[in-house]
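Across the two complexes that follow, chain A remains constant while its partner is chain B and subsequently chain C.
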Partner chain A sequence: MLKYIGKRLLQSLLTLFIIVNVVFFLMRLMPEEGYFGEEYDKMEPAQIEAALEAMGLRDPIPVQLVRYYHQLLHFDFGKSITVRPKVNISRIIQQKAPYSIRFGLASVLLSLVVGIPMGTIMALKKGKAADKIGNGYIVIINAVPAAVYYLFIQLYGSGMFNLDILYNERKAISALLPIISMSLGGTASYAMWTRRYVVDQLNKDYVKFARAKGLSERKITFGHMLRNALVPMAQNLPANILLTISGSIYIESLYSIPGMGNLLLSAISRQDNPLVQALVLIYSSLGIFGLLLGDLLMVVCDPRIKLVRGNEALT
Partner chain B sequence: MKKVDHLEKSIEEQIASLGGDALFTREGFDPTMAEMGGYSDYSYWRSTFKAFLNNRLALVCLIILVVLLLFTLIQPFLPGQHTATEIFWRDDGRVDANHAPDSQFIFGTNAIGQDLWARIWNGTRTSLLIGVCVAACNALLGILVGALWGYVSSLDRLLTEVYNVVHNIPRNIILILVSYLTRPGIGTIIFAMCVTGWLPMARFIRNQIVTIRDLEYNLASRCLGTPTSRIIFKNLLPYLVSVITLRVALAIPQAIGSEVFLTYIGLGLPVTIPSLGNLINEGRAVMMAASSRYQLLFPALVLSVITISFYIIGNAFADAADPKNHV
Partner chain C sequence: MEQNEVILSVRDLEVQFTLRGQTLTAIRGISLDLLRGESLAIVGESGSGKSVFTKSFMGMLDNNGHVSGGSILYKGQDLAKYTSSAEWRKIRGHEIAMVFQDPMTSLNPLKTVGRQIQEAVELHQGLKGRAARQKTIEYLTDVGIPAPEKRYRQYPHEFSGGMRQRAVIATAMACNPEILICDEPTTALDVTIQAQIIELLRDMQKKYHLTIIYITHDLGVVAKVADRVAVMYAGDIIEIGTSYEIFYHARHPYTWALLSSLPQLGVKGEPLFSIQGTPPNLFKAIEGDAFAPRNPYALKIDYLIRPPYFELSPTHKVRSWLEDPRAPETAPPDTVQRMMARGREAADRV
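Here is the complex of A and B:
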């Protein structure tokens, strides 16, 4: 098992190395005027040269690459160049990440707490009113783009319950609407998968046996069926939790939360190379590590699963 | 030497002692002979359609979608229609902006005085075109790569690595690069959404194929020397028709939603080409005033009807395409 984990970690290092290099080169394919935005047309060629020189972009690309790795090995992400010039990237992240993590964790928790019982009830009442209402909810949330229902929640939710339309750090209640909006998608998908897996379990022999043995329905549902049904869902959970750091672009801009959501996007569109590289490195290592954790969590939940002997499904 | 080799050798020796190759002659593959084993009037597609027609809700959605599609196509030719980009003026010489819905403008006018009714149908046309093209393109690439990835084990390592890398490169870098290289337009946005869009589909197909590739019927085909392409197209993909149709059907509303997202982050179509994403974005800008909220409401409503219909039809068709539901 340890050997397997070690091998996976080594493999992820290789993957990360390739990702970092590809992103490094992609960012250098972007046109030069992108570094200056609107200012470009007003600048003298000499000014542009000087600015590019100052940002270290006039050095040959291999030199830049070596410098970048030198920094990385000293656990230094460098300084932002265009989004917040000359500010240390680790400081930017330290300021912004806590907001995204708090909102993200709250919404993941809320969608787990609501979604799993919802899916279980739907499965047990299959075909009845509760199942139909739940399915309607799942269809609507899955089909309608989040951009649309987020807007309506903000518009009518704030009016109906007399809440602030924007997030206000000093009023905890103003965090309610963003957290609820963010959790809706997760709730729908947890409910859908729980329902599906529990329905799969309903007619299994071990359930019939437990019933014949005289176990109460509650014990069968929670002690037996749910435990088996949750195994496939355990795989994505760690990655979901770790990636809450990346924030939600929509929610954070709608409620003006100073989180990470928009950071990567604005870094890319304003060609802040060090910031893009740092964020991509963080997000992809968390994503890859989350996947490994997910596989391990699956083994913990279901000891019958063997990772070592070619469990090939990636999911 | 392995046991199997011993066995093979001894069988060969026995055959040789009985008279050699004269005992067996190799037959060429003849597809018509292969089908002559049995006859049944069961037709897969007929049963699928029958099962689909039994689902009332899906049928209603299908009718709604077809009517909507036909309407967006004939709308420009109906009498009394405005064009999507024409700006209307009031008698006092000012732009007829935020004109609430009435008999002249069925859905009102937007913030710069264009007819929302015409823009919505024009935009619906654009969004549907984007959705269908992107879904078709992603399905084609995804199925092809996914099938190879899942079935050909020597490609597994390589493609998994490629997937891990490309999956972790932010899509926006690629989208922004594409938008630098080409002029904004419908073709560009379709291309940009296809560049990375086929990856999840390929991974999905790959995972499905991995679980069924070593079932006995495929093992049998392989032992009989069936070529890989035939196994993929005749054994594996037909088995997956229902899950694949589900994914493809859901890819259409996803692409339409993704267009809304791209417009939101500023990578969408130029405002001169109306799309549902554009219209929702325009509506969002004026949504705080209750009197012009209709500009968000109408496009959002049309978009929701379309995506929900596709979603329900996709699910119903996937259920119907599963032979287990044909009995």
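Here is the complex of A and C:
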């Protein structure tokens, strides 16, 4: 098991290393005006050249690379140029991330709490009314553009229950509508996967054997089937949770939540090179870390995984 | 089989399944008395309804199947009338337990073997905590699993096939049942392990005074364990008798055909005997003897009227018109005759 974890850890580090380098080289391919912002048009070529040199961008690539590693190891992502000029990127993220994380975690939690029981019930009542209603919900959520029901919830939800139409930091209840809106998609997908994996378990021999032992359906469902059904879902869960930091672009702008949602997009559209670089690195390392945690969670959930070597698939 | 107390009495049982809007009659009016303490083997080819028949005693039929007629009397209750799973839970495990064919899949891969056996101990023996654990370890020892303390904490994938089947049997024993149904308990195992598992089941039967129903198509297993044998064909018992009667005095052409397909009876270099044709379509009502179209000894009446049971001895019944006094004398195929004669001689010498 330790060997497996060690191997998995090394894989993650290697992936991270590759990403760090790819990002570095991609950034060197970006137009250089991204380092200047508004002033670029007014500057003389000599000025530009001098400024680039001052930033170290005219140094040989290996020198730049070493400096880049050095900064990363000190969590120094540099300063933003156009989005929040001259502000430290780590400060920007420190200010914005907590909002996104709070809303993200709350909505993932809500999706899990609603989605998993919903999927389980759908599986147990396969083909009956409850299953059909659940499927209807999943289809609607997936087929209707999210913007439609987000707006619907904002307008009618705030009207009907007399809630604020925008998020207000001093009123906790105003977080309700955005959290619900954000959780709808997750709920649908957790319900769909739970249903699918529980249905897989329904006709397994061990379920029949448990029934033949005289166990109640409740014990069979919760004591036997659900755990087997949730193992394949456990793998994606940590990544889902970690990536809530990236925020929801649409929800955050709809309720004017000062989160991370818009940050990457505006950094790209306004050519804020250091900010793009920092965000891409953060998101991808969180993604890698999430997958790693997911695999470790699988080890905890499924005793058989200790036997898996190399790329052998789980049976 | 000293006492002849009937523990389970099935009368005219009919089981139907609904498949794509069509009705299939899987069990066509079976009557059977199971005697306390006996080992009854049910043999027959795949699809003859062996499993369905016994599953109906536990309410374990698939969702599209139901008992459509007859009764299953057990301790004064008619199990055929049970509908809710709450009713069945009083029977399942505690009265009738089951051992499945494939030990590789009968255990939950994510729970320790000990926990899974202990579930049954807790449910059926009212023990909890340390006492339940102690009892579970006793059962593991009982079924011949070495190092039970260690095995208790292991997961099914850490067990070999034979050991898993032992764990499955331990689970069934932990339910403390009166009747044990073994649905092809050795089919999925190595030949060497098969004999051990059969031996274990016999030990358990003695120790816990079990009545065992073996479902199998392995006549070798039957010969080793069964007091009585019921031969099933197309959802009906067509011959039933003591093991001796079925192996050495069989009268139904289908039983002869089964015996002829024993590899031991084959002649070296010649293809093994196989029964021609296929079993009847159970979606349609069957007229006459279901085996008639495949039966080289079939009489005209076999196609018209279902034969009644003819009693050859108090224990031996056969559903075949050949036993009617008006039917011509028929003898089993030569190979079967020779085998039966050899067997009778051997049995007489003992």
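Note that in this section the second predicted complex is superposed on the first by the 235 of 315 C-alpha atoms of A that agree within 3 Å, B and C clash if a C-alpha of one lies under 4 Å from a C-alpha of the other, contacts with A are read in each partner's own complex, and residues count from 1 in each chain.
Rule of thumb we're sticking to: a residue touches a chain if its C-beta (ideal position, glycine included) is under 8 Å from a C-beta of that chain, and two chains touch if they have at least 3 such contacts.
Everything numeric here is computed off the predicted structure, so don't read it as measured data.
S.K.: With the two structures laid over each other on chain A, which partner does A:His70 touch: chain B (first), chain C (second), both, or neither?
M.R.: neither
S.K.: Using the superposition on chain A described above, determine whether A:Arg91 touches chain B (first), chain C (second), both, or neither.
M.R.: A:Arg91: touches no partner chain.
S.K.: Who touches more of chain A, chain B or chain C?
M.R.: Chain A has more residues touched by B than by the other partner.
S.K.: After the superposition on A, what does A:Thr15 contact: first (chain B), second (chain C), both or neither?
M.R.: After superposing on A, A:Thr15 lies in contact with chain B but is clear of chain C.
S.K.: For A:His224, is the partner it touches chain B (first), chain C (second), both, or none of the two (neither)?
M.R.: After superposing on A, A:His224 lies in contact with chain C but is clear of chain B.
S.K.: Quick check on the superposed pair: does A:Ala210 touch chain B, chain C, both, or neither? Answer first, second, both or neither.
M.R.: second
S.K.: Examine A:Pro303 and indicate which partner it touches, taking first as chain B and second as chain C; both and neither are also allowed.
M.R.: second
S.K.: What residues on chain B touch chain A, complex-wise?
M.R.: By the definition above, chain B touches chain A via 156, 160-161, 163-165, 168-170, 172-174, 176-177, 180, 203, 206-207, 210-211, 250, 253, 256-258, 260-261, 264-266, 280, 284, 287, 293, 296, 300, 303-304, 307-308, 310-312, 315.
S.K.: Show me the residue ranges of chain A that touch chain B in the complex, using the header's touch definition.
M.R.: My answer: residues 14-15, 18-19, 22-23, 26-27, 29-31, 34, 139-140, 142-148, 151-152, 155, 249-250, 264-265, 268-269, 276, 280, 283-284, 287-288, 312-315.
S.K.: Show me the residue ranges of chain C that touch chain A in the complex, using the header's touch definition.
M.R.: Its residues touching chain A are 58, 60, 85, 89, 91-94, 97-98, 100, 102, 105-111, 119-120, 123-124, 155, 157, 168, 171-172, 175.
S.K.: In their shared complex, at which residues does chain A touch chain C?
M.R.: 204-206, 208-217, 219, 223-224, 227-228, 231, 301-304, 307
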